[in-house]
Every structure is written in C-alpha cells, then in structure tokens.
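Shared chain: chain A. Partners: chain B in the first complex, chain C in the second.
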Partner chain A sequence: MKKIALLFFILVSYVYGYTYNKLLLKAQASIFPKIIMLDKKLYEKLVDGKIVYTIVYEKNDYYTASEIGRFIEANYKNASTKYAYKINLVEFSEFSSETEATAIYVLNSNNQVQELVDYAKKKGIITFAYDINYLKSGFLFSLMLEKSAVIYLNKDNLNSNKIDFVDSLYQIVNFLDKSSG
Partner chain B sequence: MLLMLYLTSLGAQSNDLLESISSEMKQFNEVATTTKQNENYQPYIISVFQGEELEKLGVLNLKEALLLVPGIDMTTDNFNNQTPIFRGSNSLSYGQSKLFIDGVSVNNLFFDAYSEYLSFPIEMIKRIEVVRGPGSKTNGINAYAGSINVITYAEDFKGFESSDKLVFKYGSSDYKMGGFFKTLKTDELKLFIDFFYQEDDKKLPSGPDGLSRGVLGASNIPLSRSGDAPVWLKDYSLGLSLEYKDFSIKARMLEHEKGSAYGINLALPQDSDRVKLPSYYLDLDYDKKIGDFELNIDAGIKYDAFDSYSKLAPDDLNLSNIIFYDGIYGEHFAAQRTLYHSFYIKYDGFDKHTITTGYRLIREETIDMISKLSNRATGDVELVDYSDTLPFFDKNAKRNIFIFSLQDEFWLNNNLSFIYGFNYEETSYKDAGVEPRVSMVYQLDAENIFKAIYSRSHRNTSWQEMFTMNNLARVGNTDLQPEIVDAFEAAYIKKISNDSHVKTNLFYLLNKDQIYNSSTSPEYKNAMDSDIYGFEIEYKGNISNLDQLYLNYSYVTGESYIKDEYRSESLSNVAHHLAKGYYIYNIGRKLSLSTTVKYVGSKSRVSGDTREKVKAYSTFDTAMRYKNIKHNFSLTFSIKNIFNSTVKFPSAINTYLQDYEQERRTFLVTLKKEF
Partner chain C sequence: MNKKKFSSLSNKIVFSIAFVSLAITIVVFIISSKINKEAFHQIEIEKATIIAQTIEPLIAVNIYLEMEDKINQIILQLIENPNILAIKVIKNDKLINYIESKEYKSDIKESFVVKRTLTQPNSTKTIGELVLVYSNKGYKKLIAKYTNLTLMLIVTLVVLFILFGLYVKKLLRPLREISKLLKNYSVNKNIQIPFISQNNEIGLISNTLNNMQQKILQYSKKQENINRFLEEKVNEKTLELNAQLYIDALTGLPNRFSMFHEIDKIKDGALLIINIDDFKEINDFFGHVAGDSILKKFSNRLKDIFKDNEFISLKRLSGDEFALLFAQKPPLQEFINIGEKLIEDVEKMLFFHEKSEVSIRVTIGGAYQIEGALEKADIALKSAKKQQKSFLLYDEKLNIEDEYKKNMEWVKKLKKAIERDRIVPYFQPIFDNSTDKIASYECLIRLIDDEDSVISPYYFLNIAKKSRLYSTLTKIMVEKSCIYFEYLNYAFSINLSVEDILDKDVVNYIKEKIQTHNVANRIIFEILESEGIEEYEEVSAFIGEMKRLGCRIAVDDFGSGYSNFEHLLKLNVDYIKIDGTLIKNLDKDISAQIIVGTIVDFAKRLNLLTVAEFVHNKEIFEKVKELNVDRTQGYFLSEPQKSTINN
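For the complex of A and B:
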C-alpha cells in the first residue's frame, strides 16, 4: 500500500497541471504580443533582430505553455510585422540571466518569482503574467475578463529608462499601484 | 538616424496596433459575456458550471448537476415529477423556476415544470448557468425563484469550436445511454445536431401507498400496498440548430417516458404503467445589428403533453358500493400548444446608456384531451371514454399573454453601472401588471465587487392549477392570482486570483399569494404569503496547482402566513442548511480523481402533519477519469452515494405514509470519444 501511495505521489509530482481559463489564456496570447510592439525602445530589446517572447512555466504546465507558443507563432507566421517573433519556452527552474527574452510571460508557479522580476527589471524586459496577483510581485501587465476585458499595468514596476510605451497605450490600460495592492 | 526611422514607423504602426488591441478586447469581452466567464460582474446572483468539469465528477445528468448549486434542493411528487426548489420557495409548486435550452424556454404548459429535461445527459451540455432570484434584467421571460440556462455544444465561437462527440454510458438499474453531437460548417451556414437515447429499469422502495391514508375512502384502506415504485426511464432526444447569416433555427424533439412511480391517484401502480411527457419546440430567430441599433425578432411553437396510462386503483376497490374487481384503469391525455413571438430593439447610441425595449406575445392552449376510465357505473375494467362527460381536464383551456418591457443599462463610470426597467404583463386571466427592477454593480478594484438588486417577478398559474377537474386530489381554479415575489439581494465577491473567488449574497424574498392545495383541500388556492431570507456563500479555487476545489453553503429560513387560518408557521418541507462541494485532483492531463459531497439538512412538516421531520442526509460520490490524448477518448468510472445513505424527498401530507426514498449506492461507466 505504501508503495502504491509513493508511486502515486511521484506520478503526481511529475505530470500535474493547473487548470487555466482557456479564454483568458487566448486573450492574453492575442493581446500581449501586440503590447510589446508599442514600446518605443523595443529595438534595444531585440535578440538577433527578433522579438523573443519567453514563456516561463512549471514543468507540469509544459503542455499549456507549448499551446500558447504555437498559438502566437501561428498568429505571427504570416503577419506583416516589423520584427519576427520567436517563442522561447523555459521552465521556472531553468530561468537564469542567460535566458534570452524581449518579453516574459509567466504561467502560475508555487515558487518565488522575485529573482525573475529583478532580472527583468534590470534588463528592461517587458513582463506579463497570467494571474493579476503577480503584478504585486513586480510584473508589469496582466489581463482580466471583467465586465469588459481589462489590461492592468502596475506603473510602479515600470522602469522608464528601459521601457517607454507610446502614450496612447496608457489610455486603454487600468493602473494598479501599491495603494491598490 | 535608425532611432528616428524606428520612431516614425512606430507612430504609424501604433494606431493600427491599438485599434487591433481594442477590437480584440471587445471580441473577447463578447465571448466572455456570452459564456458567462465574467459572471462575477453581471447584475444577478449566478453560478456557472462547465460540462467538462461536471463530466470529471461523474455527474450523470442535469438533475445531478443542479444539486451542486448553492440554495437548490430537489423535490418530487406521486408521479415522480421532480423539481428543483430554489432557496426554499414554495416546494409544492412547479413553475417557480424556468429552464432554457439554448435560450428557448422549455417549461411544459401542463405543470409549468421541466422534469422531462432533468435526465438530459451531462455529455450533451456545454455549460449550465443558474441564476438564483428573479434576476435583474427585463427580457419578457422572467423567472420567479430562479432560472437555469443549459447551453449545448451548438454554441461555438471562432477559435473555440467544440469537437464532435460520441458517448456511451452504462450504470446501475441497467442504465444504458448512447448519444452523439456533430457540427457541419461552411462559410455562412452552420448546422448542429445532437441525439441521445437512454433507458433504465429503476425501481424504488415505497409504501404504504396513499390508500393507507384513506385517499380512496376508509373502506379501501385494507387494499393499501407497499412495494417497488416503477420509476424507470426511456427517452430520446433529437436537437437541431441551424445558423445562416442573421437567421437561426433551433428545434428539439424530446420523447420522455417513465414509470408511473407512486400512481397518479396515489395507489401503487403496475411496473409497466407509464407517463409520457413529450416536449417539442421550433424557434426561429433573426438578429441584426444596424449602426447603434440591434434588432431581435423571434417566433416559435412548442408542444407538450401529459399522457398517462396506468392502473389507478387496485383490485376489489369499492367506490360508492360499486366494486371494481379488476381494479380501475385510466388513460389521461392532454396536449398543449404554445405559440410565441417577440420583438426587441437595443440602442446604444447614447453615451453610457444601452436601452432595450420590446414586446412578447404568447398564445397557450390545450389542443387535445382524452379522459378514459374503467366503467364508473358498473365497475367493469374496460375503459370508457369520459372525455366529454367527465373530463379530467378542461379541453378548451387557453390563455393569451402580452408582455412589454423597457430597460436602461447605465454605466456611470468604469466601476459603477446600473440597470433599471420594468416588465408590464397582461393575460386573459389575472394580470401581474407592472414589475420594476433595479440593480447596481460596483467594482471597487480588481479584487472587490459589490452588487445590489431589487426585482419583482411573478409566476403565472400553471395549467394543472387552473384547469384540472373531476379529480379527488386536484381541483383547478381559474380565479387564482399569479404568485408575486419582491426580491431584495445584495452580493459581495472577493476575487482571490484570476481563477478563484469567494462569493456571498444575502437575500430577502417577499412572496405573495403562493398557490397550494392538499388532499383535504384539493382546490388550488392563493393560500399563503411567505417571507424567506437567508444567505449563500460559495468558494471556487484550488489548494495547489494540482487541483480544483468548489464549496458552497446556503442557509434559508422564513415564515408562511396561512391566509384562511389567520396564522403563521415556519417554512415547511425546506432544508434550512445545504452544503455542497467537490474536489478534483488532476493527475496530469490524463487522469483525474474527484470527490463530491452533499449535505441536505432536515425538513419540518406542514402544520397538521404529525410525522417526524424529514431526516438530514449526506452523500459522498467519487469518480475517476482517464483521458487518452492520442486517441481522443475518455473513460469515467463513478460511484454515487458510496456510503449507501438513505435519501428521502418528502411526501405530501395524507398521501404516502413514508417519504419517497431515492436511489442508494449506484455506479456509472462512461465512454466518450471526440472527433
């Protein structure tokens, strides 16, 4: 019995996955890549001339991360955008200062994300999160399906030396600052 | 120089990008609103359950799904006409809530009930939206205590198409089910078909039957029997949905046949005795957006029937000294037709306002009636046609209804919105008149949402309550006033994360003229006014990234004022405490384990009923689901009521001595293949 229980928990620890809201995932995967292109300093963040959209996930969310990646790639495959898109899938545990990224999108994690946030802030990487709670940890953007779809931006996390969005973006986002956290 | 060039091109590009972002946000918002994924921001108290999630729990059908909803309990009667009770509101009537299948109201006219749809297999359901309370919108068909919107897989959106599906199920009581749905699409035309067949041979222990209480006279008390009540099921359904440009057609043919359960005259029937409750509808819809106007024109026809053939009384029955040596048999048939048309127009050309107005016309009528019984004069068992001389129902029953509604949705700012308006209704019997509604939704921030709602609604008298005749247990009354409710509701929602929340609401319901009859006073009357109040709390979220957790608790209490007797009593036949929940443990994308728990508190009896309270009960279910991703099929095995608890629904006073016992431990195996 103990062996069965042990096997069960080993299996669980390898293959579980969070149950994400599919509509929200799709909304974020459609809109976030467009926000990146509104950065006036985007050219400074290109990697080999490409926008590298790095999706950071827990091991068990690999399938979800790769689905998002495929969706974005399909969207931008034949799009007449100025820069090509490259999708980079990275596990939380493998994220380091060597990880290439123009922008980072994180799925849910049980672990601390502070190191990732600090690195992104320092490098001027644009950060997006599935869950709005990550904005309190230092991420820049999230999107929620409220009475209408709402993009949230935590302006306290904006490193204006490295990231400078066109003014009109600020007219369509909701600001979340320390007082709202 | 490069920077200059980049910024110049960005300027031109940014307008296009922002336009594209705005357009996509609008599109996702429409999908989220239609699919109730932004339910927390809607101006009513709503719970939404996804079919896929319910399948993981091993839920069998719509009835089992509804038992998970906060504040909903189930009741039944002598022919097993099961009905959800919302927040303890009049557990003895049927039309307190409305059921919509893909937006079409399917309550039958005879009872104003929808028990024939409660066995709708869960695999055919994409989503169930349950609004408790009358709701705040004025759209012509307003529910009284609540409404249930069942959305089938006919609904799809670009990028969110559903796979075609084939399902087989097998379970206790030799339950067998097979069904499928399929979508065919071209650029402009979409055709969706769903079909299922299911049957079982379920029997439930029962008795002593109503004869023991003297319902057919004191001399017949010794003929009372106990035994297995036939509650078997046999039904099939064919649904069709067709969309072409701005036009759509929805049609369904449901043939529902079931055992006569506890007997329409409260005498335990034979195993083969049956009741048929067919339901057909055809709905034509035209939806067009012209500038700031949105036009909706709808018309449809519905057919339902009550069709019973059974042995109504046992051998050797003595009625006024006529002996029915071979018992009494009866055939009762009443077919109803409903024609309706509506026209609504929505205008959002005013800043911050969306105005909707329109009317709905309904024509309801009985189109056929047969009333046959064993010979009442001689006691001979052969059926005699009493359709003209002693009908069980008024074959000329008809009613016209006109409803006008006006509503304004006003967004004061991004955080605060109001909806206010009214319905006005006239019928060829008693009118409900003007029914105002007003609601407010205030979003303090991303995590805190408040709602306040006042609404008045009514339930029109059902056909049975108005037109039943020559019956010992039920006598219709065409002078009945509609039941009226004034509902005051307040809700608070705490969003914990994108996918988890706690929802609470308080409600206070002032019910007037509630309709009631009993075996000692069989004529339907506006017998009671009831004040009901309570609260509901609901949590949805997860403990870890592995799982999903759902919990709810509801409390209801109140008092009924019995008009004829000038006295008050506490709410009867109502569980004051209901608690439900489930836990799903996802072992990867292939395997999930789940547990469902339900607790239903005890129920006190009506005044004069000396039986003990209906006992509280708890049930535990478990399910395991395996999904083969490569071959796209899933296998679910579930056991319901693992600990074999006794579940009983109350029988009415002076009918069956014991309450109606429900199924004990059961199992179910489901095989589903997606294409």
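For the complex of A and C:
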C-alpha cells in the first residue's frame, strides 16, 4: 500500500511539476513587477519600449507559469504605468542569450541556473526567484510570506552599474549577503 | 496745618494697573523667553535630528551597498540646506565623505553637531557614523522674532494703558468737578450739582449730595433756632446765677461774695460785723422757719436804719452774721457811735413769732481800716464774744494775731511731738485713805519738747481739740498706758473726753488695746463731767460696753457746775472724782466742805468711791480724810512721775 502511495506522488509530481504555494505565487506576481518600476535605469532595459517580464519554468510548470502570466497581465492591463508590460513565458530548456527580458522570474528547476544568472548580470536584467535559495545562486530578489510579505535582496548580486533602484526600495527590503549564510 | 498734595485717584488706579500689568508682562516675558529660547533651540536640534534621521537610512544603505557615489549625491543635496554647515560620513572609523558649506568655511561659530550612528539595514550592526554640523541661524531668527513680538506687545500695552488712563480720567472727571463745586459749600449756600441725570455712580453721588445739602440746610436751621433759644436761656440763667452769687436769697441783701467784690474797690473804708447772740437757741426753740423769719425782719430793720446813708451798705455774711461796709471812713468816734447805737437799737427791737415775743442781742466787731477789714473785724468780734463785750474795735494791742500765731506754733509743735514719739504718759498715784497705800495711778499726758522740758497739757490740749489732733493724743495715751501697766499689778486711769467716746474709731481702738494687753479689769476711764455728758446715749452705751469688759468708770471734776446725781445713777459709774476747785480751799471754805460732804454722803449711799484731787497740803489732806473721802490724789502726796513709784 505504501508503495502504491509513493508511486502515486511520483506520478503526480511528474505530471503536475513542482508544488507551489499559490498565495506566495500571487504575492510575488503582485510585487515583483512593481519592483521593476523602481529601477532608475529601467529605460535601458526596455525591449521595444516595453517591460518584458520573462517567466522561466520547467515544462511541467507551464500551467503555473501561464497562470502567473495571466495574473500579471490582468493586473497591469489597465494600469496607467509609463511602460507597457509584456509577459514572456520561457521553458528553462529554451532559455538562451537571445531571450529578451527586462526582468526574469524563475520558478523551481532541476537545471543549472548559473548560465541564466550570468547572462542576466551581464545584461543588467533584474532577476526574481520563486525560491529564496536561488538568491545564493545569484538571483537578486525573492519574496517570502512570513508575518507579512518580506522582499529579500541579495546584496552581493546587486550590480550597481546597470541596476539602480530608488533608495526607498532599499529601506523596505531585507538584505542577504555572504555573511547571512 | 500743611496742605496735603492732591493725589489723583484715577492716576493711581491707572498707574497701579499699568505697573501690575507691566510687571506681569515682564515676568511672563522673562520666563517665557527662557522657556522659548530652550524650546527654539530644541526645535533646531530636532530639525537637525530629523534631517539626520531621514538621511541616516539612505546613507547606511549606500554604505552597506558600497554605493559611495550615491552617498556623495545625498550629501551634496543636503549641503544645499542653508542650515547645514558640514556633513561627515564615517564608515567603520574611516572618514569616507566630508563636505562643508561656504558659511561654515567663513568660520561661523554659532552651530551645533548632531551625530547618528549608522547601522546595517535590517540589523543592529554599526557600520559607520553620520555627523551633521547645524547652524544656529534659525534659532537666532526665532529669538529675534520673538523679542520683536514681545517689544511690540509691551509698546501696545503702554499705548493701551495710556488710552485706558485717559478714559478713566474722563470717567472720573465729574468727581473732580463735584469736589471743586463743594469747595465753596457753606450751609446757607445751595450748590446745584450737575450730573444728576447720569445713570451711573456719579449720578448716584450727585443725587445723594443734593439730598444731603437739603438735609443739612434743614438741620442747620433747626440748630440755629436751638442755639438762639439756648443763648437766651443761658443769658437768663447767667443773670440768675450772678444774682444768686452776689445776693442772699433769704434777705435779698448782698452776700459775702458781693462784699469781697466791693471791698476791693474801696480805698479808705471801714467795716462792722454784726453777730446775733445765741441765734442757735432761737432756731432750736422756735424752729428754723421762725429763725429765718426773724433774720428777714432783722435785715429789713437794719436796711431801714441805714437807708439814708449812702456810704454804708448792708451785707449778710452768713446765718446770723451781717456786715456794715463803709465806703468812706467816718470819723472814729462817729464810727464807734454807729456801732454802739446799733447795739442799743437792736436791744429795743421786738420780733413776733406766732404769739411769742422774741428779742435779740448782737455783738459787733469793727475794723477802722479797709485793709484786711473782714479778718480784723472778725477778730474783734471774736474777742468781744470772748470778753463778753457788746462792741469791740479791732486794735493791734489786742494781740489776737499773736495768739493765733502762738496757737499755730503749738499745733506745729504738737504734730512734731506726735511724729517723734514725744507724747508720753506721766503717772500720779491715788492713795487709799484707809490704808495710805497706792490704790491706782492716773495716767496724765505730757509733751516732751526739743529741750527735753516736760510740757503740761494746759498748753496744748485745747489746741489739740481745735486742730483735730485730740483723738490721736488719746490713742497714744491709751496704747502707752496699756503697755506700761500690762505687767504691773496696779489699776490705772485714763482721761477720756465726750468727743473721744463719740468717735467710733477711738472707741474701737480702746477696745482693741484693752484686749491686746489684757488690762480690762485694771483700767479706769475718767470721763469729764461736762456739759452734755448725760445727754449722749452713746456715752451711756460706751460705759455699759466697757463695764461688760470689766473696766471701771470714773466721773472727773464732779461738782464743777453741772452736777446731777440722777445722771450719775443712770451712767452707772464706779468712782466720783471731786472737782479740784472744791478741794483746793477745802480746809477753809465751809461751803466747799458742805458740798464735798454731800457728794461723799451721796456716793456712799450709791456705793461709789470718791476721790479728792488737787490735795496740795497737809491741812486739806486731813480735811479730806475727815470728810470720809475714800481716795486722795495730789502734789501733797506725790507729783506725776514718768514712772510708777515701784519702778
């Protein structure tokens, strides 16, 4: 019986990909696009005059990624922002140096993300991760639901030359650095 | 009287309020200035602190994120604030940014420093320090602004108080005007005070003053009437009193005062004083109404006698004493004749009271000189009475003045002797004729003068009576005699006058001394058998009281003129001392022998002891014994001594 149950979970995870906290996903989908707006050098990151929010996912997480995409589009469809938003869904396997992005949001993945991180740093793309552990890999922001929603920023990953957030952002984020472990 | 300087009430009110208000303002200013200065300074510090607090997180983040260019941007923006003079950013004890304003460079000393510790974001770890040098310019501006406002407030207050003062003065001006009007006020002048129509305190005062004026006017009219009435009454009474003062009410004659008044104006006059003899008897016998009536009639007759003589005026000096004052001295003989004639005329006068005829006699004393006329005529009158003459003219040779002088000297001497304890008893023994032994002693008063001479009472006793020293002498004698005989086994006698017995103070003193010295059963009181002794109930009461105490009583000088055996019985005496005038010639005078024999016989029947005094020779002593007199006293047997024989 135990074996059947284990098999069931394996299959489910295979079919349905990683398990995500929907509330966390929604929170991140609400806040991360706004953080992009706080970059004073955003205009340098625009693609065709648009903010391209690229969601990188594993194949099994397509549904989750598209859900996030839809949520963001719905939120910013009628928003009177200076720049238009474009959601770009990209599978990890398809991500390359050709992938256009103003900011990258990654869901969980088994693949190495280092290439993606290096590319982003090089291009000055703002990076967000669903999982906070990805910050150790070089991602810039993540968000956790604690007593409230807490934005984490890895100080070591902040490329000040190409990314220049408004000072107020620094007042509200929690910094992580090497000493944080 | 100094005129008081006018001091305006309105000024005082205004100045008082102004002074108090300014004092309060200044105190408030000083206190608030101190508080505000501190508050202003605190504000500046807080402003600087807020600025520092505002930029502190940004600087901290930028230090943490090592964005030094951003730090530069921030402090460059900050230094544009004119109040910030310098900014220092220290990262881990190392100065990484320092910027100064131009003003600071020009060495502005008025500044303060605010320091903030920079901590790592989301951590308490210190990563540096932010130092702001802040200018005091703002603080100074605030202080200057505050001072200006206060000065403006004071100036405004002063102006307001001046206006207030003027207003108060204006309000109180009617009071000044009223006071000016009232300055000229007098009872008969009605002053119309304005401001009656004012509906305020001034109006009330004005109305009240007007009413008051009316009331004062009415009152003053009443007072005037009363005063006029009183003046009239006073004048009437003054006239009455003057009349009473100088006129005798009974006879209508000018009185003694009138004479004093008149006598001063006479330069060469004379005076006769007329005294009705024994007028007291007329009063006592017929009564005072009759006495007054006789006096009135007598004065009328005198008036009639002298009515034609313009130089003689008749006065009434006292009850039975009249005077004839001569404004011009007649010849001496004529003066004497007038007096003598008057005496004769009066003797012929007859007065009637009811159905009784009353005749009177007068004694006249005259002074043939105006100087001291009243005293001199009085002396002459007294001398005339003494000499039982009807008329006597004052004469220096009468030596009356000398006698007065002598009397006065004796009074002085007596007082001195009393003061110096020089009044002493001398003791004369009284012998029992049956045993020839001393039966008792008589205590006799003596005065020891400054030359230690022993003075007999003959010289001073009458004077003592006149000068009211008699009772003092009696007391001295009683006390000294009682003390002397307290421890001697002899009876002793003391002389008492009727006046002594009538004096309660003396009687109480005698009782006290008798009891104190325990001599009641040995003391004998010798009471003079004089006029009136039997008439006094007090004398009888005294004898009774003394006998109850154990004392004995002797009647002194019995047989001297008023002897009454019946009274002797009533008085219940123990001894009869036969009068010396009967004894001193007893050996030769047959009638004296008969009288003494009768007295002795009478005394024997009454069981009374008889004493013969003034026995001065053997013949008399023998006769005394022969007549069965019980006891003998006199110089023949012993003179009075200052001590008893045994001592």
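Note that in this section the second predicted complex is superposed on the first by the 165 of 181 C-alpha atoms of A that agree within 3 Å, B and C clash if a C-alpha of one lies under 4 Å from a C-alpha of the other, contacts with A are read in each partner's own complex, and residues count from 1 in each chain.
Please note the rule applied: a contact is a pair of C-beta atoms (placed from the backbone, for glycine too) under 8 Å apart; a residue touches a chain by one contact, two chains touch by 3 or more.
This structure is a prediction, so every number in the text was calculated from the model and none was measured.
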item: Fit or clash - chain C, chain B, common chain A; value: fit
item: Partner chain(s) touched by A:Ser30 [first = chain B, second = chain C, both, neither]; value: first
item: Chain A: partner with more touched residues, chain B or chain C; value: B
item: First, second, both or neither for A:Leu46, with chain B first and chain C second; value: neither
item: Which superposed partner A:Ala84 touches (first chain B, second chain C, both, neither); value: neither
item: Gap in Å between nearest CA atoms once chain C and chain B share a frame through chain A; value: 8
item: Common ground on chain A, meaning residues reached by chain C in one complex and by chain B in the other; value: 174
item: Of all residues in chain B, those that touch chain A in their complex; value: 2-3, 6-7, 9-11, 13-15, 17-18, 20-22, 24-26, 28-29, 31-32, 35, 37-38, 40-42, 159-160, 414, 417, 441, 443, 445-446, 497-499, 542, 544-546, 548, 585-590
item: Residue numbers on chain A that touch chain C, as the complex places them; value: 155, 158, 160, 167, 170-171, 173-175
item: Residue numbers on chain C that touch chain A, as the complex places them; value: 57-58, 61-62, 64-67, 70, 120-122
item: Chain B partner contacts - residues on chain A that touch it in the complex; value: 8, 11-12, 14-24, 26-27, 30-31, 34-35, 37-38, 40, 42-43, 58, 60-61, 63, 82, 108, 110, 130-133, 142, 144-152, 166, 168-169, 172, 174, 176, 180
